[in-house]
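In what comes next, chain A is part of two complexes: it sits with chain B in the first one and with chain C in the second one.
== the complex of A and B ==
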């Protein structure tokens, strides 16, 4: 088929990263692209002309003045050591510790991490490890902790798979993506069994427990 | 005494943004070109910025990848994207030609040291523009391939539609692909197997027999959804939205088969049957993830 089998039901991790790379992030440029008013712009190629994101920020970079650009451009600039990336507020030891506390205290829900936390953390640890204020190995271990805590919660939640619906607030995109084939398939089968029973007239009026909140 | 002046401040804010947006429309002359058939009042032009279009395309792509059925084809959007890709390719070409020129004639009118630093800088935008182009093309390619895969799968099902519905559903090229591809497939099946069958068993789209041969989309397939609310963010004007006991906005949907009502609160993630949220997806109030 025109779309490979493994992509038909879900996204590949690379595609998830692609989606995340379209998010804005703060950087400190190390180059200046803003044209001085009195200087006539001789070379048109010095202008950024982009078709998917706002190019105003890129045409007005001043070295060491923070600005916001799309993540993939930030990574490209970083590769050329033309900027340093500012880690988001939740990616500090203190904030992560707070999240870990929250996760431990509330066993029935996930903490409010951004939907791209796992992917963004991985990208920044690999591509911009020297831009963090906190030591990277500590951040890494905390991300790992969070990941494990949430995974155990997911495993607990899988007990409640049913034929009606689930609510999964604050589950991140990557976590959803790795669960998707499993959850969807199981729930589809449960639904088929259920509706087959209804069709066969076997419904004995037992009401399913509704609204499983395994968030 | 507290006087709430939020609405007055909002009024003032709106004024400044109005100035901003007119500036934008003058910049984005390309977008106003593509919508020239629509009566050009300000609001429509602001909606069609390249940034917005790309966001829309991402949403369409993600919905298409996750949904069990073939969604309708956003023809104007794809056309705008394609024309932008075309013009961007030409721009890149032009700029790189400029490079060659200034390289060959450069040293004569400038000192060498300044020139090299100058050139390093100016290659960066070009690099980004090329990378961006690749990214847009990837999305479009992946989107169209995903649709073609569904066209393959639902080939017999799509044949039942009348041409007007198909116009909305498929692009011209997809329609061509669909008709030609099913023709070829039929020829193969007819020639190799079906011609040896008794008359009444020769139909490829038999719905009377023990198994329905037309594969329909699985309408009740479970999908992951994100409740976004109305695209224009005017929560109070959406008739479907209501407030629950916690004061949060939510949509009320009913799963017919189970006779069960579900509240879809804003900004939450659910695993839900596709049929139940189909209308909300079509209107962009819910996204598939």
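== the complex of A and C ==
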């Protein structure tokens, strides 16, 4: 088939990264692309234009003045050391410690990390390690801690798989993605068994549809 | 019993599936087994013909006979259904593998058909050829500017380092000429060499 089997019902990690790379992020440019006023009219036609994303920010960069661009552009600029990436505010030792505290205190829920925290942390640690205010190894270990705490919670939550629904508040995209094949398969089987029993019991064929709540 | 032969075929299909999980390869077509199953179906067909004749014969206990005949008919039919299902499952699995082969490797810019066609039945060879034709037609139609059979991993780096694995002389790609000497390295745009990586000449670093 045109789509290989392992891609047919879930995303690959590379695709998750691709999705995350479409998010805006703050950078400090090291180049200036803003034209001076008297030059604008003359050179306007030579300016670049992007069709995939908003090019205004790119055309108005002033060195060391923070601006917001899409992550994939930021990474490209970073590769050529034409900018430094500003770490998001949740990616600091203090904020991560707060999240860890929250995770430990509330054993029945996940803390409010952004949906792309794992992927974004990995990308930034690899590509922009010198742009953090806090030492990277500490951030790394905290991210690892958070991941482990949340994983144990996920394992606990899997006991409550049922045939109707599941609530996964604040679970990030990567965490959902690695669970998806497992959870969806099991819930499908449970629902099949359940609805077969219902149909056999009273010929009442209103089996429920997939209403998993991956919020 | 009827259906046992078809079961063997299904076990074979299962093995193919597991083999295919690791690598895209297709074992030999089990022609003799399929032929045996088909012979069984022919036998079953003869049985039904015979039963039909029986029904038309005038007999003394017509109602009694009718019930037995119905049952025999039905079971014969079920056996045929079973055989049909197994045959189709086997064939569908193989055709799925063929399709993925056709999408995966059969269509570089050189259209190098490198799939080994020895293990296939000639029907399957025909199918593979025509399916590849369909893919080419699709790619040549409305969406020529997108390489539909290209890599499915999202692009992450624009430029990559590649190392040449096989000596291939001078190869002309659409974007220029490479002199592929074994163990030399290039720093090139990924979209230029994606094809060559797929065909195994280059290794991405």
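One rule holds in what follows: the second predicted complex is superposed on the first by the 194 of 215 C-alpha atoms of A that agree within 3 Å, B and C clash if a C-alpha of one lies under 4 Å from a C-alpha of the other, contacts with A are read in each partner's own complex, and residues count from 1 in each chain.
The criterion applied here is as follows: a contact is a pair of C-beta atoms (placed from the backbone, for glycine too) under 8 Å apart; a residue touches a chain by one contact, two chains touch by 3 or more.
As the structure is a prediction and not an experimental result, all values here were calculated from the model.
**Student:** Return the chain, chain B or chain C, that is in touch with more residues of chain A.
**Tutor:** Counting contacted residues of chain A, the larger count belongs to B.
**Student:** Quick check for you: in the superposed arrangement, does A:76 touch first (chain B), second (chain C), both or neither?
**Tutor:** So A:76 meets both chain B and chain C here.
**Student:** Of the two partner chains, chain B (first) and chain C (second), which one does A:31 touch, if any: first, second, both, or neither?
**Tutor:** first
**Student:** Which partner does A:180 contact after superposing on A: first (chain B), second (chain C), both, neither?
**Tutor:** A:180 contacts chain B only, not chain C.
**Student:** Looking at A:51 after the superposition, I want to know if it touches chain B, chain C, both of them or none. Which is it: first, second, both, neither?
**Tutor:** After superposing on A, A:51 lies in contact with chain B but is clear of chain C.
**Student:** Just checking: does A:12 make contact with chain B only, chain C only, both, or neither of them? Give me first, second, both or neither.
**Tutor:** A:12 sits against chain C, while chain B stays out of touch.
**Student:** A:199 contacts which: chain B (first), chain C (second), both, neither?
**Tutor:** In the superposition, A:199 touches no partner, neither chain B nor chain C.
**Student:** Using the superposition on chain A as set up above, list the residues of chain A that contact both chain B and chain C.
**Tutor:** Comparing the two interfaces on chain A, one with chain B and one with chain C, the shared residues are 1-3, 7, 15, 18, 76.
**Student:** Any idea which chain B residues touch chain A in the complex?
**Tutor:** Of all residues in chain B, those touching chain A are 50-51, 54, 58, 62, 65, 84-85, 88, 91, 95, 98-99, 102, 118, 121-122, 124-129, 131-133, 135-136, 138, 142, 145-146, 148-149, 152-153, 218, 220-224, 255, 257-258, 260, 262, 268-273, 289.
**Student:** Mind pulling up the chain A residues that touch chain B in the complex?
**Tutor:** 1-3, 7-8, 11, 15, 18-19, 22, 31, 33, 43-54, 58, 72-73, 76-77, 80, 82, 163-171, 173, 176, 180, 183-184, 187-188, 191, 194-195, 198, 208, 210-211
**Student:** Taking the touch rule as given, give the residues of chain A at its contact with chain C in the complex, in rising order.
**Tutor:** Going through chain A, the ones touching chain C are 1-5, 7, 12, 14-15, 17-18, 76.
**Student:** For the complex, give me every residue of chain C touching chain A.
**Tutor:** 96, 99-100, 103-104, 148-149, 152-154, 156, 158
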